C-alpha cells in the first residue's frame, strides 16, 4: 500500500497548479464568461495558454498528442485543473469532450479517429454527446430511449429530440445514441453543420462552466452512412458504459478541485474577517464547518484515488465508480455549501468565485446518474451478495 | 389550543391563493424579470393587479390603507404570496419595505409618516435599509458598525459605505444606521436622490427576486437634519431589534410559500415522469424525499404559526423568532434542494420555477442573522438557564 | 389559532410535573429496576403513589375512573410523565396497556369491559397485545400474519407464535391478532394463565422501561369462546388502525418527556463542567448542540399538539400521526444522542439517567411502524395527489 | 500509488478472518460475557486459542514475541479482529493494553520492559491507563489534571481519583498520569495490588466489550519509587501524545470490523426477510441504507489506511489521526445505527450481535477525544493556514 505520488506526478501536479494560479484564475472575471459558459474565443485563448505548458488534452494517448495519463494521473491533474471553473476548459478535459476522447480512442475506426478524434484532441474543435432526452424519453433510465435509427440502404435515418446536450451550440460533431428496431441501441457520428440537425435553443441552467452551455437538439431524419456508425450496431448501451464509468470519475476529479477552491476561499476569509471580538475561524461554529470541509475533501479524494487505481488495474470499477460518484458529489457539495455559509453575504453572490462554484456544481448530483440511481445500483449488487 | 383558521383568515388565504395562481404565476416568465429582480415596471403592474383584489400592503394598519393583519394573519397570507417569487412584490410585502413599514409605524413621527410611510404603504415608492457593511464593518456583528454620524449644528453628517443593500437601486428613500461618537447607533431617514448618496454598483447575487437587487451604497458626508432622525438619537440598536424579530419571521412566511411551491412542482413531476417501469414517485428513493419535504414543510409552518402567535400575545419572541428563523431557513432549504433533485435535469435549470427558487432562497440562511449567530444566541439563553 | 393551555391543563401539567420530580425520580435508581423493566412490586408502588395525586390512567373515561383526557390533554400530561422512565408506569399510561384501554373502550362489549377493561384502568392488572410475529410472519407488513384462528363449534382455536410482546411476562390477559381462513384478521381476548399460552422466554432488548419486558409467546391450540372475540370477526386489521394511530402518538408524547429530560441533564452539565477555560456551554460546539436540541424539542412538541388537535376534532389523523411519528422519533432521538455527546463519559454510562433514556428510546424508531414504513405511507398519499 | 495488499498481508488477513469466524464468533453467546466485559477466564481461553494461530499481540515487536506489524498491517489485522466483540480480546489488541504495549516499547527502561511489558505482550496479565478524572478534573482538557505526584526523597507520593479506567478491575499494573508542582505531568508505573490503590466501583457503561469494564480508581498517597517513573519526569503530556495518536487509530481499525459485521448481518437479513411482497433489500428505503453503509465503510477504511501509511512513513499524523478519528467514529456509528434500523425488532435487542455492537460502539465518539475536541483541533490547524 502506498499513498505517495511519483516524482512525475508531483511535477505534473505542481505545473498544473502554477498554471491555474498564474494564468487561468486571472481570467475568471473576463467578460467572455457568459451564462452559457466561456465563449469560444475565451476557450481558444485558454487552450493556447495551456499548450505552452504542454497541458492540453493530457489524458489522450501519447501517439495522438496527449500525455497518456493513467487514471490516477488524471485524478491528480484534473483536481488541479478544477481549481478554477476555467481550468478544465483550458486543459481540454471538460465534459463531454473528455469522455468522447476516451470513447473514440477505444471504439472508433482509424478513419473516424483521423476525422474526428485527432482535431478534438488538438483542441481545434468541440463535440457533444447526444443521449439524454426530455420526457417521456431516456433520462435516468436508458431503456426509455426514443430517438430511432432506421436502416435505409447502407445508411441510417435518425429521428428524435435530445436535451441538456452539453456544448451542443458550437460543437463540430455529435455522438448520437439511438434506438434500433430490435430494442438495442447504437451510436452514430455526425457533423453538426447539417440541415437535419437543429439546435432548438440553449437551456438556462444553473451552471455556466461548459462552453456552449446545454442545448435542445432535434434530429429531423438525419442520414448517417454506415461508415459513421461508432463501433458495432446494437452495441450502444455497452459503449455507454465504456464511456460512463471513467467519465463520472473525471467529474469527481474536476469538482474535487472546485470544492477545494471554495474551501480555501472560505478559510482565508474566516482567518481575516472578525466578528464578536475574534476572527471568524476562532468561533467553533465556523471552525467546525471548515474541519468538516477537510474531512469531506480528504474522503472524497481517497475515494477518487482508489477508484482510479482500480481502473488502472484493469477493473471495470462499476461499483467503485458508482460509490465514488455518489460520495464525491455529495461530499463536495456539502463542502461548497458550507463555504458559502462561512462567507455569508460574499458567498451568496459573485463577490468571490464561490457563488459561481455553488451554481456550477449543483447539477453534479444529477448528471451521469443521480445519487438515487447509483444508490439503487449499489443496493442491487449488495442484494446479490 | 386551537389550530383552526378563522373564516376571515380562510377567506384571505383563498383569495390570495387564487390571485397568485391566476394572475401572478403567468408573469413569472415575463422578460421584465431581470437578474437584479423584477423591473420597476413589472412591479408597478403587479401592485396594480393586487390592488384590484385589496391585497396591497396588507400588514399596514387599516388607518393607513392596509388590512391591519395580526402576525398570525400574516403567516397565512405571506405564505400564499410567497408561492410565487413575484407574489411578495405584488402584495408589497417584500424585504426591505415590509419591515420598514413596520418600523416606521412604530417609531416615526407623524410628519415622517406622512412623507415616507404613506407612499410606501401605497406602493408608490420603494425604500431601502442601510445597515450591513463590507469588512471590516458591521455584518453579523452589529457592534462593528463603521458608518459615522457626526453632529453639525442641528444636522448630522453621515459618512460610510454599506453593501448588500436590498432595493437600493430605484429606492426613493433610505433608513440609515450609523454610529455616534459615544459608540451608540442611530437611524436616519434620507431621500436617495441626493449627490451625497452614491449607489456604486449592483451586486451579482444568487437571488433575483428583489426589485432593485442588492447595491453598494456610499454616503459622502450626507447632511441629515434633526427632523429626519428616526426615533431617538442613540436608540439605533434597540430599533434594529424592533425591526428584526418580526422581519425575520416574515422571511420565514414568504419562503414557506416558495418551498411549498418547489415541493408541489416536484411532486407533480414525480407523479407523471416514469423511469424503470413506474412513476418516479413509486420509487421509494423519490417518495421518501417527498415525504421528508412534507415533514419539513409542516414543521416549519408550525414554528412560524407558534412564533407569530407569541408576537400577537405581546411577547418579544426573541428566542422563538431565532428558533423559527434557523429551523425554517434550513427546513425550507432542504425541501427546495430535494425538489431540485427529484426534478433532475429540469431542476437544475430554469425549465421549471424550482431552479429559480433554489437560487433565490440560498441567501436566507445568511441574512437577518446567519444560522450560526442564531444558534449562538439560543445557546446563550440556554446557558442562563 | 391559539397555542395557550387552559387553566385546567396548566394545573394538570404542574401537578404531574411536581409528582414526577418529587416522588418518581427518586425511585429511578431503585434496585427493582431490572433489565426487563420495573418489577411488578415497583410498579404497584408507583401506581399507588400516583393514585394519591389522582393521576392513574388519566386517559380513561371519567365513568370508569379516569380523567377523560382529550388528545391534547394527553399530550401535556404524558410528556410530563415521560420525563422519568418510571413516570408512564406510575400513571398507568405505558404501552401496551394505554392503547389497550383505548381499544377496549371503543370496541369491547359491556361484559368484556367489566371483566378486562375495568381492572386494567384500575391498575390492578396488566395486559399485552399479541400482534408482531417472528419471520416469516407479520412484522412491518401486517398482511403476513401467520397465527391462525380456526372456528370449532362456537369457539375458535388459535395457533401460532408472537414475539416482542411487551409486558407478556406478568400480564393477566392478552389481545390476540389472528388470521381467519378467508385472509381477514380478528382480535381475541384471553386470560394468560392457560396451559395453551406459553411465554417461551423474555427477549434481551435494548430498552428496560416496560414492566415485564418483551416476550416470545406461543399459542398451542388456544380455545377462545365466541364471547371473547373482540368486536366483529374479520375486523382485526381495522381495529389495529383504531388502536395504532393514537397509540403511536402517545409514544411521541411520552418520549417527548424523555428527550426533554436528556436535554435538561445535558444542559445542566454543560453549564457546570469546565474545559479549556470556560464552561462547556460557552463552547459553540456544545452550545450549538443544545440549541439544536431546543429546535428539535420545540418542533416535535408542535407536531404532537397539532396531531392531537386533529384527533380531537374527530379526524382519523392517519397522515398526521404518521408524520408525527417519524418526525418525533427522529428528532427526539437526535436530542438524546446529542445529550449523550455533551455529557461525554457520563453520557455513555448509567452515571446519569441519559444513558438509560438512550437505550430505552432507540426502539421507538422501529415499533408502531418503522420510519421507512411511515415514509412510504406518506409517499403513497402524496402520489394520490 | 498502490492500494493492493502484499501477499503477507493477505495471508494474515485471511488467517485472522478464519480464526474469528470459526473459533471466536461461536463464543459470543458464552455466559462468561458479562455487562463488565468478557470474564478473565473467557479472556484466557480466547488468548490461548489465538496463540495456536500465532495471532497474540501481533503489533508487538518480533523480539518480544509479536509480529512487528506496521501501522498498515495493523489496519488489516485489527479490522478482522474487530469483526467480533471478542476478537480484540483474543488477539490481545484491545484498549488499553494495546496502547500501553506501544507506549512501553517506546518509553520504558529495559528493567521496566522485563517486569511489565513482557508479561503484557505474552497475554499473562492486563494493565490499565489512569488518566481521565471526574469533574472538576481532567476529561477532554488534559490541563485540568488534578491527581498530584509529590516528591518524597527518591519516591513520589500520588494522590487523586480517576474514573472510566478501562480494565482497572483485574489489571495487574497501572500507568498513572499525575501533575507535578510545576504544572507539568509525569507518568508512573505501579502494581495494582497495593493498599494505596482502591478500585472503588465498576461503572455501568453502555459497552461491555472490555475485560474488567470501567472502574473508579483512587490513589491514597501511593508511594512510587523513582525507578518506576515511566520516562522522564515532566514529560507526561508529551508521552500521552505518543500513545494517543496511534491508539485512537487502532480504535478506528477495530470498530471498522464491528461496523462491517453489523452491515453484513443487516444485509443478510434484508436479503431473506420479506415484507410487502418482496425481500426487504428490494425496497429502495432499505437498499439505500445498505448502500450508504458501503459508502461509509469504504470511506472509513480508506481514511484509516491513509493515516496508517502516514504513521508508517514516520509522520506524527496528528492532523490525519484527528481526522480519521472523527470521520470513522461517525461513519461507523451511522453504519451500525442503520443496520439496527434494517433489522427492526431484531436490531434493538440481543437477537443478533448488532444490538451489542450498537451499545459497545457509542462511546467511541467520546473517548480518545470527543468529535468536538478533534474538530476544534483541526480548526486551529486550519486557522494557522
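The letters A, B, C and D name the chains in turn, as written, and every chain counts its residues from 1.
Keep this in mind: contacts are C-beta pairs under 8 Å (C-beta built on N, C-alpha and C of every residue); 3 or more make two chains touch, one makes a residue touch a chain.
Only a predicted model underlies this, so the values are computations on that prediction, with no experimental measurement involved.
Student: Starting from the defined contact criterion, work out which chains touch chain A and chain B both, please.
Tutor: Intersection of chain A and chain B contact lists gives C, D.
Student: Farthest from chain D in C-alpha centre terms, which chain would that be?
Tutor: B
Student: Using mean C-alpha positions as chain centres, tell me how far chain A is from chain D in Å, no decimals.
Tutor: Centres of chain A and chain D (C-alpha means) sit 43 Å apart.
Student: Just give me the whole-number Å value for how far the CA centre of chain C lies from that of chain D.
Tutor: That gives a centre separation of 37 Å.
Student: Just the number, please: Cα centre separation of chain B and chain D in whole Å.
Tutor: 52
Student: Going through chain A residue by residue, note those that touch at least 2 other chains and give them in order.
Tutor: Residues 283-286, 288, 372, 375-376 of chain A touch two or more partner chains.
Student: Any idea which chain B residues touch chain A in the complex?
Tutor: Listed in rising order, the residues of chain B that touch chain A are 132, 135-136, 139-141, 143-144, 163-164, 203-207, 214, 272-276, 283, 285-286, 340-341, 344-345, 347-351, 355, 358-359, 362-363, 365-367, 370-372, 375-376.
Student: Which of the residues in chain B come into contact with chain C in the complex?
Tutor: 1-5, 72, 267, 270-271, 279, 281-282, 284, 286-288, 290-292, 294-295, 298-299, 302-303, 305-306, 309-310, 313, 323, 326-327, 372, 374-376, 378-380, 382-383, 385
Student: How about chain C: which of its residues touch chain A in the complex?
Tutor: Interface residues on the chain C side: 283-285, 288.
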